[in-house]
Amino acid sequence: MKAKIFASIAVTITGAILLYAVTDFPNFGDPRSPANAGVEGGSSSASLYYIENTYRDTKVPNLVTAILADYRGYDTLFETVVIFTAGMAIFAILRVLRNEDAPSAPDPESTNRTIDGDHHRIIVGITCRIAVPLVQIFALYVVAHGHHSPGGGFQGGVMLGASFILIALSGSLRDALARFSEASYIRLASLGILIYAGVAFLPLVFGRNFVDYGALRGLLGTEGEEMARSHGIFGVELGVAFTVMSVMFAIFANLSTRGRLKGGL
Amino acid sequence: MEAFFKEAVVPHFNFWIYVIIMMIGLWSVIAKNNLIKKLIGLSIFQTAILLLYVSLGVKEGASIPIIDHHAAERSLVGDAGAINPDLIANPVPHVLMLTAIVVGVATLGVALALCQMIYKDFGTLEEDEVLQKIKALHDDV
Amino acid sequence: MSDHLPVLVLLAPLFGAIAIGLFGMRDHRVCLPVVLSALVLSLCCAIGIVLKVHAGGTLDYFVAGWKAPRGIGIVLRADAINSPILVVIAIVAILAAVFTVRHAGERDTEKTPHFYILFLLLCVGLFGITITGDAFNVFVLIEVTALTSYGLIAIGGSKRCKVAAFHYLIMGTVGASFYLIGVGYLYLKLGSLNMQDIHTILASNESLADSRAIRTAFVFILVGIWTKMAFFPLHGWLPNAYSYSPSGSAAILAPLVTKVSVYVMVRMMVSVFGLDHLEANVEWGHFVVWLAIIAIAAGSTMALAQREIKKMLCCLIIAEVGYMVGGAWLGDPQRWGLTGTVYHILADALMTSCLFLAAGAFAKWHGAAKLEDLSGLFRKMPLAATGFVVGGLAIIGVPPTCGFYSKFYLIRGAIEAGHWVYVAALLASSLVNAVLFFRIFEIAYFGKNPVESHGHGDDHGHDHESEPVVRREPPLHALIPLLAAAALVILLGLCNGTVVEFIRTGLIETATVVSTGR
Amino acid sequence: MIVTFDIIILVFLVIAAIISLSVKDLLAAAMVFGIYGFLICLLWAEMGAVDVAFTEATVGAGVSTVLIIATILNTRRRSTD
Amino acid sequence: MENSVHSYLPLWACLASLAAVPLIVLFRREIFLRELVTFGAGALKFAFVLAMLPIILEGKVIVLTLVDGIGGINVPIAFRVDGLGMLFALVASSLWILTSLYAVGYMRGLHEPSQTRFFAFFALSLCATLGVAFAGNLFTLYLFYEMLSLSTWPLVTHHQDKEARTGGRTYLSYLLGTSIAFALPAILYTYVRSGGEVAFGPEAILAESNLDYWPALALLLAFAFGFSKAGLMPFHSWLPGAMVAPTPVSALLHAVAVVKVGVFCIIRVVTGVFGVDLLGRLGVNDVLAWIAAFTVITSSLIALTQDNLKRRLAFSTIGQLAYIVLGAALITKLSLTGSVLHIAAHAVAKITLFFCAGAIFVATGKKYVSQLAGLGRTMPITMGAFFLGSLGVIGLPPSLGLISKFHLVVGAADAGEIALLCVFLTSTLLNAAYFLPLVWIAFFPKKGSIPAELDRPFSWAGVREAPWACVVPLAITALLSTGLFFCSGFLQELTGQFIKGIGL
């Protein structure tokens, strides 16, 4: 009860402050608002710059992808690191490496240990077996086509991870782990970051700044720096996809088995 | 009252809702007793922030931030009218929020792992019971 | 390569973490050399940055090469304020890494590589927060730091550390989200995420700076960071999180995470909102200083009530955070308070590192978790105890340790700002610290129950020698970092003039940025 | 952006959030949370943030819900609040 | 304007004993080597100090800045040796050698434990003492002051029993507490008030500042009570408490080093921080003088009632320290001269008395005044030295104490403070009252008040002195106290240089 009163007070104060500020906001949907068009006195708005020049700079029509992987590629590197960290942290917290602790007493309320209650999973199994390759192909498409349509490394990576989760859910975790073992997903997650950081690091070798894919022109044999950036973005997205896929599956595998990687839901 | 409603609420409708959702989330983070409920509240709290960001990048009548190839090519040859910034949504908040979503799911994963460990050690996910059992641990030491 | 130092400083641990992920899982022996070499590389880079900044002023590094217009890319910015902090982070990390040899995860040695990956990524996050010049990037790196912290805390075997980590997670996430809201409001009003850009706009547009949204943004950013740094009413997560985590984790988390958050606050004040603007709104400063005074009092009082060493140290951290927040907000015209805060970030990182290394060593090799368990410490491990004494004296503020000088600069700022209550709080807290530490020293020196005073007769002292005194220092890998930290505490104190001079060039430089911004 | 659509989704969003937090059955709460995720994904798409919508669909509605359910099945389904 | 010389001698003098610490620890198994190191360091230190003497006597001042300050922001660790510092250093370093000798005898005689630690911290505390003596600014002074408090704590609590713990607690809480609570803020206030200047020089730090009466008074009292090593009432009770320490510690530290550091600091504050002019103008020194006067009388009265010999000596010390403070507070040329000279005079006299007390304890195990009757027969050298030492404390000829007290009394008269003059005289009588009867019954006990086997005419065969290592130092210090009466010229000259330096 005390928590509720305290919560109400805290929420009221916070909400009041936020609403007090809201009245000061530019109108919703105003294309000339400071966020969209910059303010007087500041340097020209980054947002306008992106809209007008991204295609010229990178030949990537999807602005979000370009900004994500190039202009703010440094942020995205750490976003990937966050994912990787989460995987490692969950491993560190949850993974049971010795078979020391006996499983805790079964909880009467959660007797339905599996989602559908029993082992008759033929329909589900077969459907999923058909669906999984389709999901994976679509996921690869999403990764690869992120330049031109919504999508990219994250979305594709999550979908790839989800395809393995699907295998685990429909069949058993053992099937999924047989395809994607613990050693390999940790390594693949590291590899993903290595790809990202490596691609971003390469320009340093050519004497350019970090993440400046334009320097890879010679290496990739492209005509101008724009295409080099475009290819660089693709490389980076690939790295993201690897890491995200591995970690998503790793998180699921650990969470669904309480870190034992045996049994499953 | 009506004037206030017209001036303060209607033009900022999204922002009002964002505050409401955020307060729902924050309230349950603080007040809910069940750890999973707290986490759901936390996720809702985070999505409210996404709503703030995405809302502030919206432009009335604008399209998605993917440039039409032809317009883009035209803009390269200096056709100034080819890309009208007012007709393309601000991509920056989208980029930022992609990051925030990913951070959110990462946090959620770690938190759920912690929940499982807490359940393993204490046999419950209700915060008051956990705290009581911790106190009992103290007495043992 | 020397142009790329600002990014190399955090790439080294990042690549180190990747290397462990790729090769360290199978052969755990790879981990430590990788960790140490990565961190030493970082240290070299950090020192290189300090030298460059010293020679040529502020260092801007445009990631991805997007220089103009300002704010389209992410910029890393090393100046005289943050470059010494980079060095200290690297040093403390190295000390903690050496300390963790052979007992990284404490429960499962199989988790050693994971521990070190998290360890290195934590360093990446800390370096990144310190060096970045982009407000949103700070958020991402705060989350890197936070997630690694949760992992490092919960990797221990104790039941309580999980709950502590969970509470930390909730508080930390809410804090980071508040920060994110603040940044969102800034972006909404100013359309920029680049700190320098925001600063220029705010400095040139007084009415905008006073607008409701910007004020709210500032409040939320501050509250968010205060949560992260465990500023008093928001401190709830800290004591449990740091005292129940494994010693190796505590040795890096406790000294660095809160300090880096304090740095973020200073950075926000100096190069986002601008000191001129803050000095124009004195009543804000007074309010925060009062909060800081309450924090100092509360931290000290709580510390007095603790019976466990690590918990006591954690409460001291809360008090120290109060020092720093208060000092930063004093608003004295010469900015001595701010100088003291920045210097105290460095000093406190080293002091806390020293104390937590010592506490870790005592817990592991003396079996001491509570104050009473420390009896006979001076006889058993005199060198380790000496290291602890130096750390304690520094927290008390005895010259020539750095703790004395940081307090000195803080008090100077307070006197010039006329904030006598803050001075009194600082001195009172020093006295409390003295009581706390001499209580420990006494237990460690006399033993739990000193023998009844016997007449100064001939048989004097034989009962001491009759019980064999086994001298058993902690192993070298624990002792060396501890003594090194103690030595650094004194060294930083002796070199305070040089360091402070350097920091002040940074503070003055930012002042000139303001004037050109107008 | 269509304002009516926007408002409708927002209202549903609030309702979904409240339901998800007030149901005592955690599994149901998780499912409603999934619905909440899809609603917000719709909202993003409606606001023109297609990439965010895509990510939210995979992450927010998909993976998050699955993870929560996995945890609930491994712990306890009932909650006191 | 000031004739200053740059030299590293003060640093070497400080480091001589600091460097001895690791060596002492290293040779903890080789007792002989360990003690050799102690003596060697003592001799070296004394030599360095002596080497500075001619420079100072020429009227020059030695300055040395160790950690340089850049842009005048920070406060360097700096040394500055003038007449006052020189005199104090001379006293401390010469008496250290004697004390070391005495300590060897005492510690061995009583089979004390942990002698290595004892000698190591002894050396460390001497380093701190010289650091205070040579301190060139307030911060250096404070640094070494705190270092002294901390490094003497293990000495005071040497026995590590309950009594020692209590004594140590009192000791540290008074010294550290007052220094943090009063002295540090006072220093900081001075620092801010003077515009960042804390270096001692010919000009007083606050001479230019236009302090008002009340702030100046508060500042002066904060300094006086903050440097509570000077034992001004009401912050004196650490001193009797610290008497749980082994006697060599009491002797050197609580008759020479620690307490003298306290009064030294107060003289420095009066002359170097406020300056004679400022104090004279504001008149705040009167308050300090009356506090000191109160301490003089009260402590002498308490000393009369003490039966424990060391406690009686302790209260006597408190009184004598207050003399010095009183002299400094009068700020006349003569009284300051007396004050400075009394540092030396009281040091040699009081150390003799402590040595004697320790020697009596080593030889007989007695520590109460009432047990001393007839002791003059069995320990004639010790009691003789005790007599000479008490002459020095009382201020009777032939002793250096006479010279210093004479200056003090005349100084008081000079300042026109007849009441304070009376305080001096009353206190001298009280001093005599608590020492002379003691000596008297030691040599001429009443019939029947002592055991029969002692009650016989004196013969050398009946002498049961303490070990020679105890007796020799106390004889030397007793002779010093007397001898300096006849050749106090160089001390007076040093004092004169100091007085000239502060412009009186």
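What to note about this one:
To keep things simple, chains are lettered A, B, C, D and E as they appear, and every chain counts its residues starting from 1.
Keep this in mind: a residue touches a chain if its C-beta (ideal position, glycine included) is under 8 Å from a C-beta of that chain, and two chains touch if they have at least 3 such contacts.
All values reported here derive from a predicted model rather than from experimental measurement.
Least step count on the touch graph, subunit B to subunit E: 2. The chains in contact with subunit A and with subunit B alike are C, D. With every chain reduced to the mean of its CA atoms, the largest distance from subunit E is reached by D. Between B-D and B-C, more C-beta contact pairs join the chains of B-D.
Distances from each chain's CA mean to the overall CA mean are smallest for chain C.
Averaged C-alpha coordinates give centres for subunit D and subunit E that are 79 Å from one another. Our note on geometry: subunit C versus subunit D, Cα centroid distance of 38 Å, whole angstroms.
One finds 30 Å separating the Cα centroids of subunit A and subunit C.
Distance between subunit A and subunit D, defined via averaged C-alpha coordinates, is recorded as 18 Å. The residues of subunit A that reach two or more other chains are 18, 23, 25, 29, 33, 35-37, 46-47, 50, 62, 64, 72, 75, 79, 82, 85-86, 89-90, 93, 150, 154, 251, 255, 258, listed in rising order.
Among the residues of subunit D, those in touch with two or more other chains are 1, 50-51, 55, 59, 63, 67, 70-72, 74-76.
Chain pairs that touch, as defined above: A-B, A-C, A-D, B-C, B-D, C-E. Only residues 17-18, 20-21, 23-26, 33-47, 49-50, 70-75, 78-79, 81-82, 84-86, 88-93, 95, 97-98, 183, 186-187, 189-191, 193-194, 197, 201, 203-204, 208-214 of subunit A touch subunit C when the two sit together in their complex. Partner subunit C is touched in their complex by these residues of subunit B: 26, 29, 35, 38, 42, 45-46, 49, 52-53, 56, 92-93, 96, 99-100, 103, 106-107, 110-111, 114-115, 117-118, 121-122, 130-131, 134, 137. Against subunit A, in their complex, subunit D makes its touches with residues 1, 50-51, 53-55, 58-59, 62-63, 66-67, 70-78.
Those residues of subunit B lying in contact with subunit D across their complex are 13-14, 17, 20-21, 24-25, 28, 32-34, 36-37, 39-41, 43-44, 47, 50-51, 54-55, 57-66, 89, 93-94, 97-98, 101-102, 104-105, 108-109, 112, 115-116, 119, 124-126. Of all residues in subunit A, those touching subunit B in their complex are 3-4, 6-8, 10-11, 14-15, 18-19, 22-23, 25, 27-33, 35-37, 46-48, 50-52, 54-56, 61-64, 67-68, 72, 75-76, 79, 82-83, 85-86, 89-90, 93-94, 101, 104-105, 148-150, 154, 244, 251, 254-255, 258-259.
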